[in-house]
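What follows is a single structure, written as structure tokens, with notes after it.
Chains: A, B, C and D, in written order; residue numbering restarts at 1 for each.
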Amino acid sequence: MDRPLIIGVFTNEHDIVGAVKETRASGYNIYDVYTPYAVHGLDEAMGLKPSRLTYVCFLFALLGLATAIVTQFWIGSIDWPLNVGGKPFNSLPAYLPVAFELTVLFGGLGVVFVMLFRSKLFPGKKERSIHPRVTDDRFVLVLEVSDAVTDENIVRSLWENYSVEEVSRMEEMA
Amino acid sequence: MSLRFSVLRKPLIHGDKSLAQVTDDVARPLETGPTTLWWSAFIISVAVLILGVVAVTYEIMTGIGTWGLNKTVGWAFDITNFVFWVGIGHAGTLISAILFLFRQRWRTSINRSAEAMTIFAVMCAGIFPLIHLGRPWLFFWIAPYPNLRGSLWVNFRSPLLWDFFAISTYFTISLVFWYIGLIPDMATLRDRATTKIKKVVYRLMSFGWTGSMRTWHRYEVVYLLLAALATPLVLSVHSIVSMDFATSVIPGWHSTIFPPYFVAGAVFSGFAMVLTLMIIARKVLRYEEYITIDHIEKMCKIVLVTGGIVALSYGIEMFMAWYSVNEYERFVFLNRALGPYAWAFWIMVACNVAIPQLLWIKKLRRSLVTVFIISIFINIGMWFERFVIIVTSLHRDFLPSSWVMYKPTIIEIATLAGSFGLFFTLFLLFARFIPFIAIGEVKGVLNYGRNAGKSVSLSTKTD
Amino acid sequence: MDSINARVVAVVVAIAVVFGLVIFFQSVTINPLGVNTGYAPKQPLEFSHRLHSGDLQIDCQYCHVGAEKGPHALIPPAGTCMNCHRFVTAAWDKVKIEEMQAKKEKRDIRPVVSPELEKLYRAVGFNTREMRYDEKKATGKLEWIRVYNLPDFVYFDHSRHVNADVRCQVCHGAVETMERVEQVSDLTMGWCVNCHRDVSHGNVPELKGKKPSISCAVCHY
Amino acid sequence: MQNEDMVNRQNTKYWKGLEERENSPEFQKAAENEFPEPLPPADDPDRFFEGKMSVSRRSFLKAAGFSVAGAVLASCNRAPVEKSIPLVSAPRDLVAGTSYWYSSTCAGCQAGCGILAKARDGRPIKIEGNPQHPLSKGGICAVGQAMVLSLYDSRRAQKPLRGGKTTSWQELDREVISRLGELGDDVYLLTGSVTSPSTRAVIDRFLGRFSNSAHVEYDAVSYSAILDAHEQTHGRRALPRYRFDRAEVIVSFNADFLGTWISPVEFTRDYTAGRDLVGNPPRISYHVQLEGRMSLTGSNADRRIRVTPAQSAAILVEVAKKIAAVKGVNLPAVQGKSHLTIDPSVVDDITGRLLESEGKSLLLCGRNDVALQRLVNFVNHALGNYGKTLDIAYPSYQWRGSDRALFGLLEKMKAGRVKALFIAGANPVYNLPDAAAFAEALKDIPLVVTITDHQNETAARSEFVCPVNHPLESWNDAEIAEGLFGMTQPTIPLLGDTRTVRECLSVWMDEGKPDREIVKDYWKKTIFPRWKGTLSFQEFWDQAVHDGFVSVQPRKAPVSSFQLAAVTAPDEDYLPGNKGYALELYQKIGVLDGRHANNPWLQELPDPVTKVTWDNYVSVSPALAKEMGLEEGNVVKVSDGVYSVELPVQVQPGQHDEVVAIAVGYGCKGTERFSRLGPDWIEHVASDEKLLPIGKNAFPFARTNGAVTSFVSAVRLTKTGASSPLALTQTHQTITVPENLGGEARNMVRETTLDDYIKNPRSGNTFEHPVLQLWENDYVYEGHHWAMAIDLGRCTGCSACVIGCQAENNVAVVGRDEVRRRREMHWIRIDRYYSGNEGDVTVMHQPVMCQHCDHAPCESVCPVLATVHSEEGINQQIYNRCVGTRYCANNCPYKVRRFNWFDYWEQGRKENLVLNPDITTRTRGVMEKCSLCVQRIQEAKAEARRHGVELKDGDIKLACEQSCPADAIVFGDMNDPKSRIAELIQHPRHYRMLEEMNFRPTVGYLTKVRNT
């Protein structure tokens, strides 16, 4: 984090949504917003693009399905065909439960791991605390100090419309 | 989200909580010392768990013969308990996944604990297929892994193998789903932590969560995807468990109605268990404002619906036995109702069909005492349902020469008790160390149904 | 610092769990890695297969009788050794040297007995001085160490293989080149099954046309 | 003789005898090494299998590459160092790991069936019937097959005892000889029936040295009356030889000839030969059984009439009267009032049937009553049956006991006129009706010597106890019937310091000959001269040893003309008017008169009718049970005024309401060791808390009139209020489901009547059901496709197959408590179903083992592929792959899978020597079941390949099939169109259980046809 940050602390979700919209409308780039819970509409307000994790999930699920089907057919008819109860060596219906389970398992685990990886979340990671109450009841809007926003005072008035509780400047993240 | 109509709705969370209050309320039990009540419950649970551990150790050391099984009844308490616990384990994921997809926002008060219950129930369930093996130390042979036996694989036609995949997938996905939901709350606790140890532990568990909206954004997608995956999964698990029976040839087991019947039964029993636990927990943990009487009532309605499906299934089973003109099928059902295990059958009918009908009455639905008692009855009834399906079908099958009676041994009873010991021990530990209510999610619905005049007011925005 | 501690804890716990699991499996199951290829135990006397089977070209079944008739290829009784070693008490060159020595020293030829064969003679009670049996002195004990061990749940019949023209060397390796016998096949089920498969598929030229079964009950009953 | 066939049979090798090899020094060496150390004596009563094998013995077995019983399955962490210590010199001509067959004669009872003993690496491990034997024709009963286990009984007497302390033979011999010299005369020898002529010769020589000496033979369950009656009516004291195959009408009064009476294997063979609907021409005899209790024979009868002993006597009298009238014979002694209390049409029917088949009928009576037997003789004589369906001119010598002689001896003992008493092969203190008096009289006899195999009641009261060889360790012979001699040869060197009776007596006479020489000399002098052949004696002897029997020219015995005057009315005793209930004593098929009480296989063998194991009990009719308010397992006190026992009740459909039945042979000393048998765990229940013997002794209920022992008595029953659940292997008795649950009969057992069968061969087997197939192409069995068919019309339920399978396949004994929990391990069971009302029931016996379904439901549910189909249609069970989910057993519609609930095997037991080394012993936690004796299939195929020939139909005989005296089980390759099995599958009577389910079992059944 090379550049200093400008921080606005809000106390409810409507204010933060409003402030974000307003800030963006004013042409400032929002560095990030920190909230205690997923505030609906905030992602749109921030202009975040729809996540591509759905495709990741689909691909992983497809991988799981393919693994299950190929493995079962390969084992059942190529690697070691065995006469089990006189049934045909290959029977798709019998293979479906495992195929389904592996689809779900691969899809679920895959997307979670990708999400954690993308978000750089891992066990024991030291958090970068922007505000001590951000996981409690405060909503924090963060701007990066840039040519457009050189000072917190630039946005202070903007944010005061939204009952900003505190505006401060942070040299670097804790 | 159409909050503007919310004046027509009642708030989900009572007591006009502020965000901070929610955090405080939920975190309180974790931050104060354990109460005497907690200690006594915990000690009892651990004692029962130890009893179970002793019983299982003895069983594994000595042999499965220490159970009352015989040449004809090869499964009884073991698989009954397994199916019972898997069934219990259905409510949590149903609440967190299906109700999530259906936008049932009241789920937020109970989904955390219900999911925890699911995980613990699936753990209890998973123990039984393991210890019921004649040679439990070779359990890993059920997994298909390359080996030195010319690569002798596994039988992908066996429902037990499907079970292995279903249960392990279900457990994994449920655990991940639960844990993903837990990460923000862990961060909350981390930020509130006062001792170093807590800080370390919660930091370890919160994965460095900061509440960044960019993360929230991905998180929401993943949560939705997991819900979407878990929904068919939860339906598949009990369907597959039911296939242990449905794909067999034993009359009373071999039935195409089993998958939906089992799923409904599972949800039925799962919600009954959730009710049992919530009614106690809201009282003990003082979460009455979060888990409100409306929550209880809603769950009662689900119980009523699924109970109805279960009752219908009983009826259809009976009808099909008669309609099929299959002598073995007919006999099994007559034998259930009139044979030597008729008492178990009638306990099942009384508990699962008759008693839940009381929930049609709104007054009873909203009476905690009645609901609690009914939920206990349903738990008992659903255990007996599995017992009836397993034991009465096996004990008198095709050849009359092999007909037997089954009687559990003290080892089996102790093992069943031990599974409850494990369940409650884990649940009590959960209530002590992990937020009982999903803080982040409750905060999200705090405004739901709130009066427009309040300070934390409505936005004019619609989405 | 904290997160480093946490990581240390995590690593320690992980190691403990893995270690615990390893101990568990080791103690309750057949060693999953119980492949003893290369096992070449020291035998009670240094018997050289290279000499007997290789140089002298004694047929395997001269000593290991029964392999074509029954399930077991026996470890030969000491009596079989004595068929020759009643006369042959040491290597030819040793005997020659003693002869020359005796000639030189103008004395009677002393019996030359190889120290390894001495063990055999002790076992059967053979008096090398007088070249006759003294059965009272027989200890009867030559504790050979089995090299090829199969678990009891596998039924293996030598005769079925020998009669199907499987040479001993297919499984036991080039014993005729080994000073001390060493296990060359891993004796895993996969090894058995894959050989049966190969033969069935005609991949083993010398056994073309044979159709060994891979049904379970061929070996397990 | 078909010696060539025998020699050529691929998978059997008959040894001429051990002697050739025995004489070689190598073999002597091997024999000594076989048991280098004496096995420790057994003295811990709580443990049943205990003789620990020494390390050196195990190493010895390893030495020759022997796999010691394959007992250790798992838990080898690091491969242990396996040492091999080869013999200094190996026995010639003995291939380790292959089996050798020795023919011999069974000594399980006195019937003398021919056996083949399979010896493996120097130890006999299996007994089978000798197909060449003229009497048993390859059949062998449960008892005969279980004899091999008693060889390794760790409690078998091993050392001579004096006053209860171990002594040496030298000391014992010295003492006995000197005492005999002092006493001079009044020397008596009390034995069971001695069928061995060479032993009889030695006995004669031995007793001939004393004045006032006698050899007294008695049988605990006596046939004395039949012999006495023939002495009176035909002038010859002998058992007639019965020929059931020649009888078209068989009327049996209480004679359990398919179960335990005289020579059940021979009779079963002959009986089923007379009831063959597959053969050409088809034939079927008519069999009426009149009895009070439900016997195995009664359960197979075409018509069964429930009668009390008194009624049966009355009916017999009426039948005799009627036949006398028809034949115009005057029988003054049996005239007079009829005592008949049942429908007289019974008499008319029986008489009519008998008269229709004169010379082709057979009347039998199982009562030990001389008057009744004389009447029987009269009827058979009047019908011209002598010389046809029974023969006294060429009699049988299987049983020779004389109750009169026994009671004479007892009188002498009481009078103090017996100075020395030798008791051999008998346990009078246990099994005499007045055993207490005998035991009392025994005290005053100066010299009592018991020659015994176990430390039994009599041995405990004898100063000297001589341990006797097991028949499988002995040379012996047997005169079974006129002109037929059985030969017994040892199959293993002596395991203990034991001698045969013959040897003992010979030593005490100072004859100083080895046992074999005594037998051989006798044969040279007595039997060889009767043989009309051209061989030298040595060749003759070799052939006899090789065949196991020899037929010589029979000598027609002098028989007097029929002594009509001897025929008198039966004793009043039998006539109606008795108070209380009539008690019938009988033998169970396993332990017989108690002589096999030490054999756990036989103790655990379910009774073919009651399905009870490990117990005797009071059988009562359902009506009587209801009247007294008794349920199965309730303990009642049975008292005849003098003796009483408390035993649990067994409710027996088909039993007469005024008859109760108790089996003898229980409550023997020594069986205490079984009371805690089985896995020891928290809920294990001992059969008796005080660790008393198994069951109660019922012999004291027998009565004697000084001439014969009667096994019928009058008793009273009182409820005790206690309860002792029986160890049953079947608790639902009918093929119909309970009335309130539908009451329909299931179609697993199918039967028809002869009339219907003649009209339509598919009658009774017409069940048709569309069979649905889920997939198009079934697996094609290109090579062999093994299959089996069981003829329910032949199967009598005798249970020989159960023991045959147990011996072949290392099936564990689990003990009474486990059986009570329905966990018996038998791979083959015989289902027994009653039909009809509870009074007059008909019975079906159906052997059920794994049906080897081509669409096996068990296979598709096993997660680890521990059970799959072989290329030859066998449903394989791979024990070492099994993890024990028990799913397969649940999904088995026939419930033939058996689970190892505990570790039933214990290492180091001497009894483990009986284990078949080809088969693994299953550890705890794995499933097992019938494998169609796959080891036999494999061995036969390998043997055929070794000889470069094709496998022929009949080369493979499964253990159950081989032993079946009724020849009811046929196994073979159904892909071979010329095989017997392929033929049977086409038979109109052939069906498969639950065929509508499309399991496609390869085991099928043939409908039972009743001749009613």
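The rule we apply is simple: contacts are C-beta pairs under 8 Å (C-beta built on N, C-alpha and C of every residue); 3 or more make two chains touch, one makes a residue touch a chain.
Remember, it's a predicted structure, so these values are computed and weren't measured experimentally.
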- Query: Which pair, A-B or A-C, has more C-beta contacts?
  - Reply: A-B
- Query: Using the mean of all protein Cα atoms as the middle point, what chain has its own Cα mean nearest that point?
  - Reply: D
- Task: For chain A and chain B, let me know how many angstrom lie between their CA-based centres, rounded off.
- Result: 28
- Query: Distance-wise, how many Å sit between the C-alpha centres of chain A and chain C, to the nearest whole number?
  - Reply: 64
- What whole-Å value do you get for the distance between chain B and chain D if each is reduced to the mean of its CA atoms? 58
- Query: Quick one: chain C and chain D, Cα centre-to-centre, how many Å?
  - Reply: 47
- Message: Going by the contact rule already set, what residues in chain D reach two or more other chains?
- Response: 74, 857, 859-860, 865, 868, 870-871, 881
- Which positions in chain B touch two or more other chains at once? 138, 150-153, 155, 157, 159, 161, 203-204
- Mind pulling the chain A residues that touch 2 or more other chains? 84-85, 87, 91, 123-126
- Note: in the complex, chain D contacts chain C through residues 63-67, 70-79, 81-90, 95-98, 868, 870-872, 874, 876, 878-881, 918-920, 931, 934-935, 938, 942, 945-946
- Message: Residue numbers of chain D touching chain A in their complex, please.
- Response: 775, 777-779, 853-860, 865, 868-871, 1000
- Item | Complex contact set, residues of chain A against chain D | 82-88, 91
- Query: Which bits of chain B are touching chain A when the two form their complex?
  - Reply: 1, 18-20, 23, 144, 150-153, 155-157, 159, 161-162, 165-166, 169, 172-173, 176-177, 180, 183-184, 187-188, 190-192, 203-222, 225-226, 229-230, 232-233, 236, 240, 243, 439-441, 443-444, 447, 456-459, 461, 463
- Per the touch rule above, chain D residues touching chain B in the complex are 74, 679, 681-683, 730-732, 734-738, 740-742, 744, 746, 748, 818, 821-824, 829, 831-833, 846, 848, 857, 859-865, 881-887, 889-891, 893-895, 897-903, 923-927, 993-994, 997, 999
